[in-house]
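What follows is a short report on a single structure.
A, B, C and D label the chains in the order they appear, each numbered from 1.
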Amino acid sequence: MHSSAGFTVWYIPDGYIPEDSAGKLVSHESVCVLNSGSMDATVEFTIFFEDRDPIEGINVGVPGRRTRHIRTSMLTNGSATIPVGVPYAIQVTSDLPVIVQYSRLDSTQAENALMSTMAFPIKYPEA
Amino acid sequence: MHSSAGFTVWYIPDGYIPEDSAGKLVSHESVCVLNSGSMDATVEFTIFFEDRDPIEGINVGVPGRRTRHIRTSMLTNGSATIPVGVPYAIQVTSDLPVIVQYSRLDSTQAENALMSTMAFPIKYPEA
Amino acid sequence: MHSSAGFTVWYIPDGYIPEDSAGKLVSHESVCVLNSGSMDATVEFTIFFEDRDPIEGINVGVPGRRTRHIRTSMLTNGSATIPVGVPYAIQVTSDLPVIVQYSRLDSTQAENALMSTMAFPIKYPEA
Amino acid sequence: MHSSAGFTVWYIPDGYIPEDSAGKLVSHESVCVLNSGSMDATVEFTIFFEDRDPIEGINVGVPGRRTRHIRTSMLTNGSATIPVGVPYAIQVTSDLPVIVQYSRLDSTQAENALMSTMAFPIKYPEA
């Protein structure tokens, strides 16, 4: 039995899905979640924008002792999705401690660009 | 009512606006601020250089439950702006806790390069 | 005699070995470990996947006052290795405090892409 | 009078000066130090390798209210310099709190690649 490691609330301020793709790979972002513990976790995404209310309540399961690399273009709550070419930000909350890393592949030009950073952890869910 | 999350002072030592752009996208940097709480925040930028006094007192509003992706080339205090091709550093202070991430897109060559990192948080404003 | 600095458990959620290489350099990832203390350390890797059980018990030595830049493609436990083109995550535990940084070079296209981040530290080994 | 902010010991495990340059820009790494306080700081670099003893005692001044973006190829202690094409790691200690970020520009191919991360802070100088 492995106990879980990490934090339950994480933030990624710089979300952006490039509009264009060229070359071999498709432009995308990944929110990579690691659940190192034995129990299954559920993570909930909130998507913030510059000019409209957040999209809330997007849930994704991360089984125990597994990682999930989640493409942000796949995050949907009914008909609400993240539009391409729009600045946004991501909040990830989890019912169990997890570790979260964010990466973007930009293939606007045929030769790719990559960036990555750990998400920013906050210990306690906000009230 | 959502309470705010994060820190009130953040630092980014590696600021640099590339002089040149090629291809489809313009070289730029973004300071991405997330205000996850319900109250509106005001962030203040201080810009440090290698060989001259800082530019102080650049204010930007970040409404509650919103993100702002702020291009550093837009930061101005009267006639003072950040010159291109010059190493500098950024201090972000906020009247409410926020989360700050820094990213640079370099299109000096037609095929872009990207880099990103969370800004470095310090809990308390300096005296 | 130098005492060691850092943490004993680190996580990297976004592991991925690109399938293809072009141009002068080979696509790869490096887990860079710094042992700043005088005593030799042993680090143990656990590799997590999306759809199968972790690979455990891969050990690598890091001598005192030395760094090791470890290619993930070299991590093997008997016949178990990390396949290319598959999302995975990395846990690094060490018997002495160390500092861990993760970087990826993607040469899928001839012009390279780079990304890097500090691994995420957790103070105590999990039970 | 501004007080200093940050930490006095920072680590960067993934140092590497690319051997080649192409296109408009030269491959290089920068260790970007921000001294937000009013007093002048002195930072000392220690360079760790995989297969030889560290280079110690490289000092660089960072004036108060200034940033310095220091190219690692400029770090020398007498005749000791960091060779290109060799994995290494960096320790930065400072007599006053500073903030440290590390970035690499790789122009091995004409189209550049960039990576950046905050250095890893440790509060207290090692004994």
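Going forward, a contact is a pair of C-beta atoms (placed from the backbone, for glycine too) under 8 Å apart; a residue touches a chain by one contact, two chains touch by 3 or more.
Quick caveat, the model's predicted, so the values are computed rather than measured.
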item	value
Rigid-body rotation angle, chain C and chain A, from Cα fit (steps of 5°)	90
Same-residue or different-residue interface between chain C and chain D, half as cut-off	different
Longest centre-to-centre distance from chain B, chain (CA-based)	C
Centre distance in Å when chain B and chain D are each reduced to the mean of their C-alpha atoms	22
Gap in Å, rounded to a whole number, between the CA centres of chain C and chain B	31
Chain D: positions in contact with at least two other chains	110-111, 113-118
Chain A residues within the chain B interface of the complex	9, 11-16, 20, 48-51, 53-54, 87-89, 91, 104, 106, 108-111, 113-118, 120, 122, 126-127
Residues of chain A that touch chain C when the two form their complex	2-6, 23-25, 30, 32-34, 36-37, 65-69, 99-101, 103, 105, 110-118, 121
